[in-house]
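Naming follows writing order (A, B, C, D, E, F, G and H), and every chain is counted from residue 1.
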Amino acid sequence: MHGGGYSDLGFARLDVDRAARTGDPEVVYGAGKTVEQGVALVAALRAAHPDRPALVTRAAAELVTALQDAYGDEAHVDEEARAVAVGPLPAGRGTVCVVSAGTSDGPVAAEAAFTARVVGAGVERVSDVGVAGIHRVLSVRDVLDAADCLVVVAGMDGALPSAVGGLTGVPLVAVPTSVGYGASFGGVAALLTMLNSCAPGVVVTNIDNGFGAGLFAARVARRAAPR
Amino acid sequence: MHGGGYSDLGFARLDVDRAARTGDPEVVYGAGKTVEQGVALVAALRAAHPDRPALVTRAAAELVTALQDAYGDEAHVDEEARAVAVGPLPAGRGTVCVVSAGTSDGPVAAEAAFTARVVGAGVERVSDVGVAGIHRVLSVRDVLDAADCLVVVAGMDGALPSAVGGLTGVPLVAVPTSVGYGASFGGVAALLTMLNSCAPGVVVTNIDNGFGAGLFAARVARRAAPR
Amino acid sequence: MHGGGYSDLGFARLDVDRAARTGDPEVVYGAGKTVEQGVALVAALRAAHPDRPALVTRAAAELVTALQDAYGDEAHVDEEARAVAVGPLPAGRGTVCVVSAGTSDGPVAAEAAFTARVVGAGVERVSDVGVAGIHRVLSVRDVLDAADCLVVVAGMDGALPSAVGGLTGVPLVAVPTSVGYGASFGGVAALLTMLNSCAPGVVVTNIDNGFGAGLFAARVARRAAPR
Amino acid sequence: MHGGGYSDLGFARLDVDRAARTGDPEVVYGAGKTVEQGVALVAALRAAHPDRPALVTRAAAELVTALQDAYGDEAHVDEEARAVAVGPLPAGRGTVCVVSAGTSDGPVAAEAAFTARVVGAGVERVSDVGVAGIHRVLSVRDVLDAADCLVVVAGMDGALPSAVGGLTGVPLVAVPTSVGYGASFGGVAALLTMLNSCAPGVVVTNIDNGFGAGLFAARVARRAAPR
Amino acid sequence: MHGGGYSDLGFARLDVDRAARTGDPEVVYGAGKTVEQGVALVAALRAAHPDRPALVTRAAAELVTALQDAYGDEAHVDEEARAVAVGPLPAGRGTVCVVSAGTSDGPVAAEAAFTARVVGAGVERVSDVGVAGIHRVLSVRDVLDAADCLVVVAGMDGALPSAVGGLTGVPLVAVPTSVGYGASFGGVAALLTMLNSCAPGVVVTNIDNGFGAGLFAARVARRAAPR
Amino acid sequence: MHGGGYSDLGFARLDVDRAARTGDPEVVYGAGKTVEQGVALVAALRAAHPDRPALVTRAAAELVTALQDAYGDEAHVDEEARAVAVGPLPAGRGTVCVVSAGTSDGPVAAEAAFTARVVGAGVERVSDVGVAGIHRVLSVRDVLDAADCLVVVAGMDGALPSAVGGLTGVPLVAVPTSVGYGASFGGVAALLTMLNSCAPGVVVTNIDNGFGAGLFAARVARRAAPR
Amino acid sequence: MHGGGYSDLGFARLDVDRAARTGDPEVVYGAGKTVEQGVALVAALRAAHPDRPALVTRAAAELVTALQDAYGDEAHVDEEARAVAVGPLPAGRGTVCVVSAGTSDGPVAAEAAFTARVVGAGVERVSDVGVAGIHRVLSVRDVLDAADCLVVVAGMDGALPSAVGGLTGVPLVAVPTSVGYGASFGGVAALLTMLNSCAPGVVVTNIDNGFGAGLFAARVARRAAPR
Amino acid sequence: MHGGGYSDLGFARLDVDRAARTGDPEVVYGAGKTVEQGVALVAALRAAHPDRPALVTRAAAELVTALQDAYGDEAHVDEEARAVAVGPLPAGRGTVCVVSAGTSDGPVAAEAAFTARVVGAGVERVSDVGVAGIHRVLSVRDVLDAADCLVVVAGMDGALPSAVGGLTGVPLVAVPTSVGYGASFGGVAALLTMLNSCAPGVVVTNIDNGFGAGLFAARVARRAAPR
């Protein structure tokens, strides 16, 4: 069944109308879905929007393989991000720069970068520039200033966005990660740090939400670089 | 004393260099400051940047009066926001639309709107459109779509950004307010709602941080509408 | 041993008198019980109340099979809900409508619906109508208005009951689920959203408590539709 | 201005259409509103719905007096509840029974009872029957069973709804109050107790939310006693 | 090495002097200890105090078997409590009555009862008398009044101690258990309920701490029944 | 009205039967009560139990004066505890020893001591023996060992009960106080310390609950010293 | 009375022996003490240790005045810190450098600096060098490296210790302050940031505990600079 | 690539400059790293600093083996601490004394001790001296006083640092461990106890952070014992 702005797959009522409303395709959140469900959702999205990619995040290895088998070269895979995009990628407009603090923050940063790219922005990554070695941040200041939107990813103390936010006026989205132990409380410490950032104009996403940050940043970057 | 990128007032080491780094003027957070401190900080900022306004937020009534006495027409006051801008306002580039849920959320929404204006964006406000009367949200859909960045302000259940975020692809900054009682925990309930928004691409500020949201949104809007 | 209003099974003192007090049968909460315990409890309840079904919730697959083996057609199974009712189902009086936000909220919604049915109400389900696609909610408004009691199930931001509660005056029971990650804190974010709902007259159950919501809603529906 | 389902008072966009959607009038939450705002909101509601009462909760003494001055006998005041209803009260259909644990829980219980009455249900109150003197609860069992919906109000340990819920099958709404000290955390202890009630079918409102419980219970009671 | 009030086992400095100070033997908390460590600790305690039992709590099945192999009839095992006492049990002085709410609270109640017995009190158990079936509590009132100290064990809403504490003036130790789900937060809800009990004179232990409650209660009971 | 085990004062349903059930008189919790309510409650209790004292805790200065005016020498006042007992004090049986850590913990310790005395135990106080000066604790070891029950009161780190509990086998009730700042969270830090005490057999009351600890300890002490 | 290592003032058992044990004088925590108590405690400490200063922290203005009246030039006052030291200050050994982030963190930083000085260290202060203007931190790097121990004071995001800790190997004590709003939770956000600092070797004190940090740092500095 | 103060390994941008800034080598946090990553990081550190050891903490057994295979006698392993140091250990200057409360706290204490040794301090360990057997603490008072810095490790109630801190003026770093259950909340109870220590001058690390405490203590000890 299909109509009224959604497609009824039996186990899900897919919102195929979102693209018209938001300019972005529907996304499949892979966690907790079976391979069959994941494949069926992608197929429905591909049918509804042949001209846009369907994005799958937090995809299990089996789902990644199934999508590669089904779509071949049409399936773009980012292993670090555990994400797949099926279909033609749009041209990249504007630049999103994804900055991450430690090695362990890599997968969340990768998810943000991959999402931004799939949603239609150009992407730059700067990794492993934690605030405890502030010279590493300072050495990439030009890259930061050249971006249209920054995504800054950090776990543990979550202090990196405050340092970066003090260096530049580029819009900055902070992403706390669940990296840490003890009183990091699965990313809550980093989340609170970022919400209380003493650098003005820092905004924050949920813990480990690289997807949300990448999508938001791409929307900002696309607007900053009109066709 | 003045140099090395900051001005030493004795009780504060004012960062007069921030404008060069970020494109925005330094801001004086009025809460907990004496009238004398507030006036001195504004004077120093005016001296350092005659071409930009100095913004004072959370200003006590006495500080507002003192600034009006000292600067006359140069002092732009927003009573609902309890904010003052001293100096020439920049032209407004792009449009920030500030949407708020209930009457009590007004002061935070006003702070966001006033900040965005002072920082250099055009501003639109839509008030009292809570999610419990969803037709009020739907009736302003055109206004939402026309903005370059949305600021959505809500207390209590904090559900409004999820509804608005499902209607449009405009970048959306959600601001939880401390409006509520009991298990609202001073805005924590609304904060968590927004961090977990099922609408993709919603980013969040600290509770009651209208200033941060307005500054961020203006940065996005200015980039979307280049000179 | 049996008397004084309870039946002593050795490992449990079963309250067989509850039916007289409340009009509903005792329920076996399957989590953490062995197959043997589950089967023995059902047998005791069947013996005490041959005219009513015995309900088992959160039943492991092995317990479901054992009950099907023991009772054949008398065992009514809901796989999505992981629940079994053994014995004759009562006629359904009144209508409970169970509304759920996302695919992952399905099992909790199914538990609510199955419980309501077993306890003696008619049941309607509306699935996958999250607040981020508000047109999906609006399109079922007639179904909502026709019910005697609503059960609205949502995880993540838990915003759906606020939107539904603004559309109708039917009594509404909100059920937060543990669906989400990061700052959803296993359903706490959705729970707080619902407790602070800006729609008046929303009441709430524990996280993932589909059983409690279904039982409560059936009591309301039965009263609204007297024999 | 008036139209499109709301009335624009300048400081508020009043939802005068809610009555049509929900069968209940709009309510004015008095906390944090000036006397002028409160009086203006009531006037607008009276104008829109001459046949229904307008309810004001958490009204400051000055607002109560102002409404009595303005409306005379039309203003129905409940001092314990700090609530006022202006306009003709509907006939009471069905019975809501409000049970409270301790003397200090009285104002919340009164708000629930007054709201239920104004919204159109008959009301019964049973006070000071805490669980630590269980014979007091048992002695009113007949009253409990005769109601169409129970509202059970308790602070501190919040244990009363569990005891009452084990005695009867009448739908039960539990209201935690902020009465207590130390580890009661302003009502959180009672809230958690009620959410985890071992009596099946207990639903819960926000802390101190007598209004929400009364409205919900009246909706249930009215349905149970059709005209 | 042995002296100065402790025995040095290399991996532990065993406090063999505690018996002299407190009148109770040292206890081995089995969780997280290897079978070898458990056996060595018991051996050291047996050597230091041949006239008293050594108590092991939260013992893994392997440790239980190893102690039975090593000590034969001298090893007293309680399977439900997962506890072992090695050596001669003292005569039981006074009576500790352990009351528990639900089947799942059994292991914690068993640990309390076994500990009280090993430490030198007589013990009575009353199981499965939750507050939601208050008649079950009332029917054992004589047993409660006859005890020298009560231990009341409950998970979920933790309401049982309030009901029991209102019926009797016997000293009452409440033990919250981690039984529950969602907003029970691993026993925190029950803990808070008990700390806020409206029945005067209720004292509380850590979550699942049957051992501490049993030891404390036995100390009270022994004093109440002098030799 | 009087009967059925309670006395109805209009604003309260006084449980005059508690003495028969528990052996202790009803207590009036003074906080939040008017002077008139406090005086009326005491009068009702005096009338119901002329042979026992009525205890008022957390009494405002005005209520203390009113009770002294009304009852003269019959009113026993403890200023540090802000408590009053009206009527003949029972003979003291057994000994409760109240130990407190810092000067600021004094009022809570005084409430515990006064309650224990009014309820019928002999009382000893040891003040200002914090764990950071452990020699002060050691110097009173004889006093500790001579008691029938200990009440140990401490704020901040709440470490005193662990040290005392390691020195003696006397039953020990720990009372956390709200003394502290920052991460003491109004007594939560001390409460958690006590719940996790490494000294076995420590039981705990709510924060600042000197009354509950004193009542419990007196019950234990009275049993240990039978008439 | 005086002996056994403490002096009994009636309302306090003063630990006059601490100096011998720790090398530091006893300190009077002024909050919540009357002027009379404060003066009496200082007099007792002066009598016990004529050669050392007595330190009073969080002193109300009246207590400061009373001590100045009583001791004249012997009373050293720090108004920003609200602290007084009475008696001869020791020579300063080694250097403690107190670094603070914002103007509002001043009082806590002042308390740390004053304490360190009174306890016997030399002190340096660097103020208003928040992490959002990282060049201000970098410009004082020489001062940081020259110290024997650093105290770094910050509220809001608490990020400054991570940045400073990455620049130098000098022992660093981080002090979170309660400066902030919303999700700063009275200093909890800054506390968590510091506990999770990605700079190795950062240790932390309680929120606003300038005294503890200053005392600790002085102990470190004195050892680093032996006589 | 190597330069600008860091070495780029592809998956990590190693801060090889830290030694120059802080006097300590970079450390590899082994948790969550593959054996290959761990070995590569150690190799890079060895290459950059042949004269200093590279420290690996929280190393899985496979990584330990791989480092032993690769470096033979150069690899110093502490099994209890699960840590490896590769390269020549520096001479030990000054003394760090690591005190731990219970057997289960051993691994964290071992990590602190091993780190302090690798970083260049002499180390002493005192184990199993919990506060509940205070004579065990008192018997090692000389050892405590002889140290240049103390590290005190405790789980459960976390009370040991308060007792130790009252006995000596040696700088004291408290380390909470995650040892405990129920309301210990994975070490939070111990953390709060330590932050609120009534012994002045106690500083605290994150839960289980033996590494941070050892590094900090070694820095203090080295300064106290200059070459």
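By our rule, a contact is a pair of C-beta atoms (placed from the backbone, for glycine too) under 8 Å apart; a residue touches a chain by one contact, two chains touch by 3 or more.
This is a predicted model, so every value here is computed, not measured.
Enquirer: Applying the touch definition from the top, give me the chains sitting in contact with each of chain A and chain H.
Expert: G
Enquirer: Among G-H, A-H or E-H, where does the C-D interface recur, judging by over half of the contact pairs matching in residue number?
Expert: Going through G-H, A-H or E-H one by one, only G-H repeats the C-D interface.
Enquirer: With touch defined as above, tell me whether chain B and chain D contact each other through largely the same residue numbers, more than half shared, or through different ones.
Expert: different
Enquirer: Please tell me the distance, in whole Å, between the geometric centres of chain A and chain D computed from their C-alpha atoms.
Expert: Between these chains, centre-to-centre, one finds 45 Å.
Enquirer: If you average the CA atoms of chain C and of chain E, how many Å lie between those two points?
Expert: Spacing between the chain centres: roughly 36 Å.
Enquirer: On a C-alpha centroid basis, what's the spacing between chain D and chain H, in Å?
Expert: 58
Enquirer: Note the residues in chain D that touch 2 or more other chains, in rising order.
Expert: Chain D, residues with two or more chain partners: 18, 132-133, 166-167, 182-184, 188, 191, 195-196, 200, 206.
Enquirer: Tell me, which pairs of chains are in touch?
Expert: A-B, A-C, A-G, A-H, B-C, B-D, B-G, C-D, C-E, D-E, D-F, E-F, E-H, F-G, F-H, G-H
Enquirer: Going by the contact rule set out above, which residues of chain F touch chain E in the complex?
Expert: Interface residues on chain F, with respect to chain E: 18, 21-24, 27, 148-149, 166-173, 191, 195-196, 200-206, 211-213, 215-216, 219-220, 223-224, 226.
Enquirer: Across the complex, what residues on chain G touch chain A?
Expert: Those in contact with chain A are residues 101-102, 130-134, 137-138, 156-159, 162-163, 165-167, 180, 182-185, 188-190, 192-200.
Enquirer: In the complex of these two chains, what residues of chain C are touching chain E?
Expert: Contact set of chain C toward chain E: 4-6, 11-13, 15, 17-18, 31-33, 37, 176, 178, 186-188, 191, 206-209.
Enquirer: Applying the document's contact rule, which stretches of chain B touch chain D when the two form their complex?
Expert: By the definition above, chain B touches chain D via 103-104, 106, 127-129, 132-133, 135-136, 139, 181-184.
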